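The following pair of complexes shares a single chain, chain A, combined with chain B in the former and chain C in the latter.
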Partner chain A sequence: MMEIYIAKEKFPGFVEKLMGQQRVFGPVFQGQYHEFAELKASDEIDLSYQNTRLSPKGLFHPHSERMFQYSLATGDPEAGIVKEAPKDYSPRVILGIRPCDAKAFRLDDANFDTETIKDPWWTRRRASTILVGLACNAPCRSCFCTSVGTGPFDPAGLDALLIDVGTGYVLQAVTDKGKELAAGLAGGEAVAPAMTEQVAQLKQAAEAQLTIQFDPKAIADQNMLELFNAAFWDEVQFSCINCGTCTFLCPTCWCFDIQDEVCNDQGDRLRIWDSCMFPLFTLHGSGHNPRNVKLQRVRQRFMHKLKYYQDKYHGGVACVGCGRCVKSCPVNIDIREVARLMSASCVCPA
Partner chain B sequence: MQAYTEKIQEAARRLLADKQVDVVIGFRKGTLPFMNEPFLAKNADQVRKLYWDSNCGINLANYLSKRTDRVAIVAKGCDSRNIVVHLLEYQIKREQLHILGIPCQGMLDRRRILGALDGKEPVGVTEKDGRVLVSGAGFEVALDRQEYLQENCAICTHRNPVIYDELLGEPVPEQTEVDRYEDVRLVEAMSAEQRWEYFDNLIKTCIRCYACRNACPVCFCPTCFVDESRPQWVGKTIDPTDTRTFHFLRAYHVAGRCTDCGSCERACPVGIKMRQFTKKMEKDIKELYGYEAGVVPDQRPPLDTYRPDDPQQFIK
Partner chain C sequence: MNNPYLPYPVRVESIITETEDRNLKTIKLVFLNPDDEQKFQYTPGQFAELSVAGQGEIPIGIASSPTEKGFIKFTVNKVGKVSSYIHNMKGGEIMGVRGPLGNWYPWDLLEGRNLVIVGGGFAFTTLRSSIVYMLDPANRPRFGNIDVVYGARFPGLLLYKEELAAWEQRDDIRMHITVDGTTDPNWKYNIGFVPAITKQKAPSAENAYAIICGPPIMIKFTLPVLTELGFPPERIISSLEMRMKCGIGICGRCNIGTEYVCKDGPVFTLEQLSRLPNEY
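Coming up: the complex of A and B.
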């Protein structure tokens, strides 16, 4: 593995160098919490953060995006022709992303980037982005990444990983993109064996802080219909207010709506985040709604993440254990508790 | 406030055993510090989970809308006011309800407490002599409870339930010397341009998740104006025009009905202070009609009353 050491006093220079080459995004403190934003100055990045309030999925799959635009002007020879709206695909680095959030993009690829379907905006943004992660030395108490197949130092979704070793960062290149980035870096030093040992210890210590919360395999092994009809959903759903907080903050919730907005003779086709918590999400044109009651919607969210995704893709659950839904649910519905109910051996209704 | 837990459990057990009610709506202990979960107890086993402390800020009246069974509900001052609003707006019948009143001394503002911890994670929380003791890995701090109340609780003038079947504790003194509208007057004093900018900044982080609407006990329309799709009234994007439309309309829709329970701000994942809108409505209703929402159970609210002798010309 290619790795270099960057002393903390040299880090702003490193960020500036990157900013000279491409757009750089990182965790920025915005009054109440941290959010991923494009850096305007190298000192805006704050790597002392634990987790951003919203996941960085919006950098690839924005909340609201103009996909196409069209003219409806009388006499315009191009009226009614839907044209792609311009978007910025210039190269960029996301610096300081947590390993769980980067892993989430891999899970989302199962939807946006497959053999048969390639979402053009998702795939082009993925291709033009380098992900430089920041290992979690001190995971939050609401984190459970090691229960869902990733971890605080997991390089799986990253091009390179930074590890805070106190005086500086060890940068480990993971992919060719990451190697290229590291190679072009002035001021990097060789990593001494003692530091490699320290990184191993930090990783071990971080993982030791995370206890296994549930076993996704046990959920995969359940009979789908028995789980679907389980009695516990009634208890789980009671407190839910059916807002979109969990889905909008989640790095692996990708659902969207497509709407046309017309103002005078100018039309826009928009893609907007949607949520399986909203009744409108499944409302048919006929007026029928297959998920008409709250229980069905609450069940859908957990079944999709923890059961259907596993059954369909055989690559674990659609959750990276970032804990955002746990922390921000207004009524304290805790996915770890629900997953335990789902993995318990008897789920048949009484 | 934790002493209420036993009393709630005792009442719930009795009411269920005597078949006076079918279910009890209360809270169970949360999985995170400063969080509890609204909970429905149907049997003695579930009654054991009922719990109360200073983190029961979500308004339970929200869970009553259109229920058809007999319900016991734990109600602090604001919940009881929203039960009154529910009764006035025909969301539930009085005879279906057994209200377990909780004289309340305010709920804790988890966001400000977490902010005061400066990134350190709370593990243990206890309350003693007006102080909140928070501990975690390598730290322990004592916070003045009064300073860390939810902002609506700090200026609450109805801490005792306004309607109940049994009161589970001695009434607490009401706060009489509070200025409820200090912040509203500051906004009123702004120029139109300043106000526009102030409101834009207030809601600029909105992600349109509707947690504020859904946590609100007076938002119970079968189809919200936001969810109307034929035609669609409101844009769904986070363009400022769409976000403004949502927040302004929501605020007007709860005018004369909002009890300032603070559930909206408590629920918001991005910390928007949308009570800035609803408090202005509340102040206007109070000044124009001398009316406070959810305080008097047997009087029609001013905004749903038609009077032939109304002094304004536009109504005639």
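Coming up: the complex of A and C.
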């Protein structure tokens, strides 16, 4: 593995150098919370953060995005013809993303980047981005990444991983893109054996703070119809207020709506995050709604993440254990508890 | 890279009113670029997103048959913003079409088989596409007997009336047109609900597949009749509707369990549906 050490006093210079080559995004403290934003100055990045309140999915799948544009001007021969909108796909680095959030992009790839259909905006942004992660030395109490096939030091979704060793960062290159980035780095030093040992200890200590909460495979092994018809959904959905906070914050909730917006004689076709928590999400033009009641919508969210996704793509659950939904749910619905209910051996109603 | 969300521009060739209640109109569209027509290679059973700049998109079954060249046709029920807007469009106006989308009736399996087609109300659009396709002289020898049970509440609600009358005259398709009721003394076809007429005409299940599209209540009461006639679930085929946006299995709303109706459907056999949650 290719790795180098960057002393903390040299880190701003490293960020600055990157900013001279491409766009750089990182965790920035804004208002009350951290969020991922394009850096305007190298000292804006704050790697002392725990995690962002909102997942960084918007970096690839913005909350609202112009898909197309068109003219509706009378006399315009092109009026009514929907056209591509210009977008910035110039190279960029996302610096300091948590391993769980980076892994989420991998899971989302199964939806946006398939053999037959490729979402053009998602795939082009993915291709033009280098992901440099920041290992979690101190996971939150609501974190459960090791239960869902990732971990606080998991390099799986990353091009390179930074590990905070106190005086500086160890940068481990994961992919070719990551190696290239590390190779072009001035001021990096070799990693001493003692430091390699320290990294291993940090990893072990972080993982030790996380207990296994449930087994995704036990859910994969359940019968889909039995789970769907299980009696426990009534209890799970009872306190839910369908606010949609969970889906809004979740790094693997990608559902979106498509809407047209017109101002004077110029129009845009937009895609905007949507949520399975809302009745309108599935309302037919006829008035019929297959997920008309709250129980159906709550069940859809958990079944999709923990069962349907596993059955469809065979790549584990669509959850990275970031704990955002656990932390922010106003009525304390906990996906870890629901997952345990779903993995119990007999869930069929009497 | 082809952008799967980008509609092909099309010109409205004509719009005709299909039903007496004026809720259903058939819109005929012509591609602005001939190359786009070449790219839009569809198979009966598929649908497309009709796109109107400034209004939005709606998923609608393709009512024309690939054997009909130079245009595509859709029958649109007026239920919301986009469909109401389309109802008021005029010949010559520009809109868009995105597709073809979804799977199709399993024509490779249907080859050499007898076909029983059961339709009700306005769910006759992709069935019309299928019938026109099978009756094409190049295709007709590929299929056995064709029985069609098609019903509406009253005669004025039947779609494609001239074609129905023409098919009645042919000897290579058995038409069983029916209405729930009528006061028309000259009505020369059947009177009765679709399940009852299906039972009465009793098309044989031997070497046959059934394709059934219609309102849920019709499907609910026709399925037991088909079962009684000897059709096993894997030889009963249906097409589902769902609220859709992307039409390509990405936006996440039209799933039934693991399956997206837009991409993995809309055509499913009864056997496939029996393995999925009953949430449609």
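Operating definition for what follows: the second predicted complex is superposed on the first by the 349 of 350 C-alpha atoms of A that agree within 3 Å, B and C clash if a C-alpha of one lies under 4 Å from a C-alpha of the other, contacts with A are read in each partner's own complex, and residues count from 1 in each chain.
Operating definition for what follows: a contact is a pair of C-beta atoms (placed from the backbone, for glycine too) under 8 Å apart; a residue touches a chain by one contact, two chains touch by 3 or more.
This structure is a prediction, so every number in the text was calculated from the model and none was measured.
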{"item": "Fit or clash - chain C, chain B, common chain A", "value": "fit"}
{"item": "Partner chain in contact with A:K312 - chain B first, chain C second, else both or neither", "value": "second"}
{"item": "First, second, both or neither for A:L283, with chain B first and chain C second", "value": "both"}
{"item": "Partner chain in contact with A:N111 - chain B first, chain C second, else both or neither", "value": "second"}
{"item": "Chain C, chain A and chain B - angle at the middle CA centre, rounded to the nearest 10 degrees", "value": "90"}
{"item": "Partner chain in contact with A:A79 - chain B first, chain C second, else both or neither", "value": "second"}
{"item": "Contacts of A:L270 with chain B and chain C, given as first, second, both or neither", "value": "first"}
{"item": "Touched partner set for A:P330, first chain B, second chain C, both or neither", "value": "first"}
{"item": "Partner chain in contact with A:R291 - chain B first, chain C second, else both or neither", "value": "second"}
{"item": "Partner chain in contact with A:D257 - chain B first, chain C second, else both or neither", "value": "both"}
{"item": "First (chain B), second (chain C), both or neither touched by A:T245", "value": "first"}
{"item": "Overlay on chain A, chain C to chain B nearest C-alpha distance, Å", "value": "6"}
{"item": "Doubly contacted chain A residues - partners chain C and chain B", "value": "257, 259, 283"}
{"item": "Residue numbers on chain A that touch chain B, as the complex places them", "value": "30, 32-33, 48, 50, 53-54, 63-64, 140-142, 235, 238-239, 241-245, 248-249, 257, 259, 261, 270, 272-273, 275, 278-280, 283, 326-328, 330-334, 336-337"}
{"item": "For the chain C and chain A complex, residues of the former touching the latter", "value": "1, 3-7, 9, 32, 51-58, 77, 79-80, 83, 93-96, 241-243, 245-246, 248-258, 263, 275-277, 279-280"}
{"item": "Chain C partner contacts - residues on chain A that touch it in the complex", "value": "67-68, 70, 72, 79-82, 84, 111-112, 114, 117-120, 123, 224-225, 228-229, 254-260, 262, 267, 269, 271, 274, 276, 281-286, 290-291, 296, 300, 303-304, 308, 311-312"}
{"item": "Chain B residues touching chain A - in the complex, by the definition given at the top", "value": "30-32, 35-40, 58, 62-63, 111, 115, 119, 121, 123, 205, 207-211, 213-215, 227, 229, 232, 235-239, 263, 266-271"}
